[in-house]
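Below is one structure, written out as structure tokens; comments come after it.
Order of writing sets the chain letters: A, B, C, D, E and F. Residues in each chain are counted from 1.
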Amino acid sequence: MKSTLLVMNRAPYAGTLARAGLDAALAYAAFDQPTSVLFAGPAVLQLAPAQEPAAIGRKSLRRLIDSMPLYDLEAVYADAGALARYGLAAADLPAFVTVLDPAAQRELQDRHEHLLSF
Amino acid sequence: MKSTLLVMNRAPYAGTLARAGLDAALAYAAFDQPTSVLFAGPAVLQLAPAQEPAAIGRKSLRRLIDSMPLYDLEAVYADAGALARYGLAAADLPAFVTVLDPAAQRELQDRHEHLLSF
Amino acid sequence: MALHTVNLLPGDDATEAALAQLRDGDAVLFHGEGAWHAAAPALDAWARTGATLHVLAADLAACGLTGRCDPRVAAVDSAGFLALTEQHATQRAWF
Amino acid sequence: MALHTVNLLPGDDATEAALAQLRDGDAVLFHGEGAWHAAAPALDAWARTGATLHVLAADLAACGLTGRCDPRVAAVDSAGFLALTEQHATQRAWF
Amino acid sequence: MRYALLVLAPPQATAVHRAAIGLCEAALDAGHALPRVFFSDAGTQVALDTAVPPGDEPSPREHWQALARQHGVELVACIGSAVRHGVLDSDEAARFERPAATLAEGFVLGGLGLLVEATAAADRALTFGGGAP
Amino acid sequence: MRYALLVLAPPQATAVHRAAIGLCEAALDAGHALPRVFFSDAGTQVALDTAVPPGDEPSPREHWQALARQHGVELVACIGSAVRHGVLDSDEAARFERPAATLAEGFVLGGLGLLVEATAAADRALTFGGGAP
């Protein structure tokens, strides 16, 4: 067993990589691995509220993220700089998400044995 | 028959879109359409000299571009700002390529009836 | 006059080149990932160009921004997109 | 200490975030589109971080930069890439 | 007016395909001509018959097929791109000794000349790209 | 040491696949263990048997297959991603009523548990992504 940080980098609906990353994070949690998730860069857009992607043939990733605590996955972090770039406020995010500055993101990374990037 | 400007936007070997764009440009020229090509943004890297992509399983796009005059395709342009960003000099480019600033790029666009982007 | 279809995230490094190609009378249609512009600080630079700004409604909804769309951006459906292509002879696709 | 594998073009909008994550003792491996850094003005910002800089030789050759590689960047083959993964416990992949 | 479309985005970029399909429907409803859509590069993957979209949502492929059925729009996948992306009609499957064709119903393979022909005859040429992975 | 790899890049990103394959070969030559490579999202397309690479260059698929043959590396394509991308083994082809399997020799389909298992047992976990279209 290794502590694993999954770093999300993609906006939610450009392709399917964002969804693949979330599915992987839920799998790590479901297999009882010590799991953390960092939403970095455009991936903070996955956290945006009120997403309604049915008309583009997709399911809401925010809804999937909201289910993370059901998998005991609550070590979930977001990149402060990216939130500002895209005009997202802390109040827009799920309550269990912690906002981190760059130095804190590096500390988070260094606390984990493995990193995977999506 | 319509005058057509093909705008290239992609670096040469990230995927296959750069190659698809060049193949399209050569097809327009081969079918005797009034054809121009603009290398914009990362696509100016397709013009870089001495590309040797055999070890990554690809064929040189610069070599393909060098063949454009054989198809009577010499209305070929490159984005000045992008060349500077990537450290390319005018001397690095094929002799038939004309470097354009943003205003001249817009004039080029406005002289064509159709634009296609790659 | 040209229609610029913009499938770029706010802050994408192609933005600067796109902004330099906008002219009075041009129209911009944000779609796909471009729809995030409708509530992003980066919108200001687009609004200063003199081009009219539009966003595809389905993509705006996907982003959760239907109720938060900047008033400088008009949401359009497919018929509105068609009208933009009728009014502008050429399209520059940014993606 | 971490290995940062960088498959980003010079000027990519993810660059700023990547630079902010570099520390003394880290290594950077430019590969894929990242290999264009080996002769681009954007390299300076990477060189100022204190991380060691490397580029995959096959990608450097694809870019036509084998003879133009900045002296601050070391070209490595697969064995050199392996050594970087042996020396650094974690990898941050930027793409 | 007469329209011609070039689609480069992979089918995973569902938003891009929806935008293109919506435009086609609007154009045809308004009485414009739109005889052909040309798919190139990763866009040809939308014609891959073995791709199974998730869940109950109709995929871009099914929307394009409906457009072809209802309006007679010709859907051409660039043959060069298609074979690289695993999209083979029965001729190409035989040529490359693959067990079965993978080209979805409603699509045909064709050369770049069909793109040139389409835009040369059109008043409007539109490109749809971007998105994915 | 023991390595685990996650590959997300589509096969059109040949440079990324070459880098990953080169690293695998170097690791195995140096005596490291590398029991499994896991392909997810667009990375699963490398296992699409109907894709025909251009010209005479060996494709990423053929390089991965050689690695599996020579070193016994298990090549697992994430089943969820694979079926979306048209990569079906015979079971999935039957389930979704497609005429033939499209999974290339040397690859297997499997769930995300196989990724979790691989990295949990590894000293090094590496991701290969980016590139294309």
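Here is the rule we go by: a residue touches a chain if its C-beta (ideal position, glycine included) is under 8 Å from a C-beta of that chain, and two chains touch if they have at least 3 such contacts.
Keep in mind that what you see is a predicted model, and the values were worked out from it rather than measured.
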Labels of chains that are neighbours to chain B and to chain C: D, E
Shared chain contacts [chain E and chain F, defined touch]: A, B
Could you please state the distance in Å, as a whole number, between where the Cα atoms of chain C are centred and where those of chain D are centred? 34
State, to the nearest whole Å, the distance from the C-alpha centre of chain B to the C-alpha centre of chain F. 33
Between chain A and chain C, tell me the centre distance in angstrom, where each centre is the average of that chain's C-alpha atoms. 27
By the touch rule stated above, which residues of chain F touch at least two different other chains? 8-10, 12-13, 15, 18, 41-42, 53, 80, 84, 125, 127, 129-133
If you look at chain C, which of its residues touch at least two other chains? 9, 11, 13, 32-33, 58-59, 62, 89, 91, 93, 95
Where in chain A do residues touch two or more of the other chains? 13-17, 55-56, 58, 114-115, 117
Mind giving me all the chain pairs that touch? A-C, A-D, A-E, A-F, B-C, B-D, B-E, B-F, C-D, C-E, D-F, E-F
Footprint of chain A on chain C - complex, ascending: 9-11, 32-33, 36, 39-42, 57-59, 61-67
Along chain E, where are the residues that touch chain C in the complex? 1, 3, 9, 13, 15-16, 18-19, 22-23, 25-27, 29-30, 32, 124-131
What residues of chain A sit close enough to touch chain C in their complex? 11-14, 42, 45, 48-53, 55-56, 58, 62, 84-87
Interfacial residue positions of chain B with respect to chain E in the complex: 1-2, 4, 15-17, 20, 23-24, 27-28, 31, 33, 114-118
So in the complex, the part of chain A that touches chain E is made up of which residues? 10, 13-17, 54-59
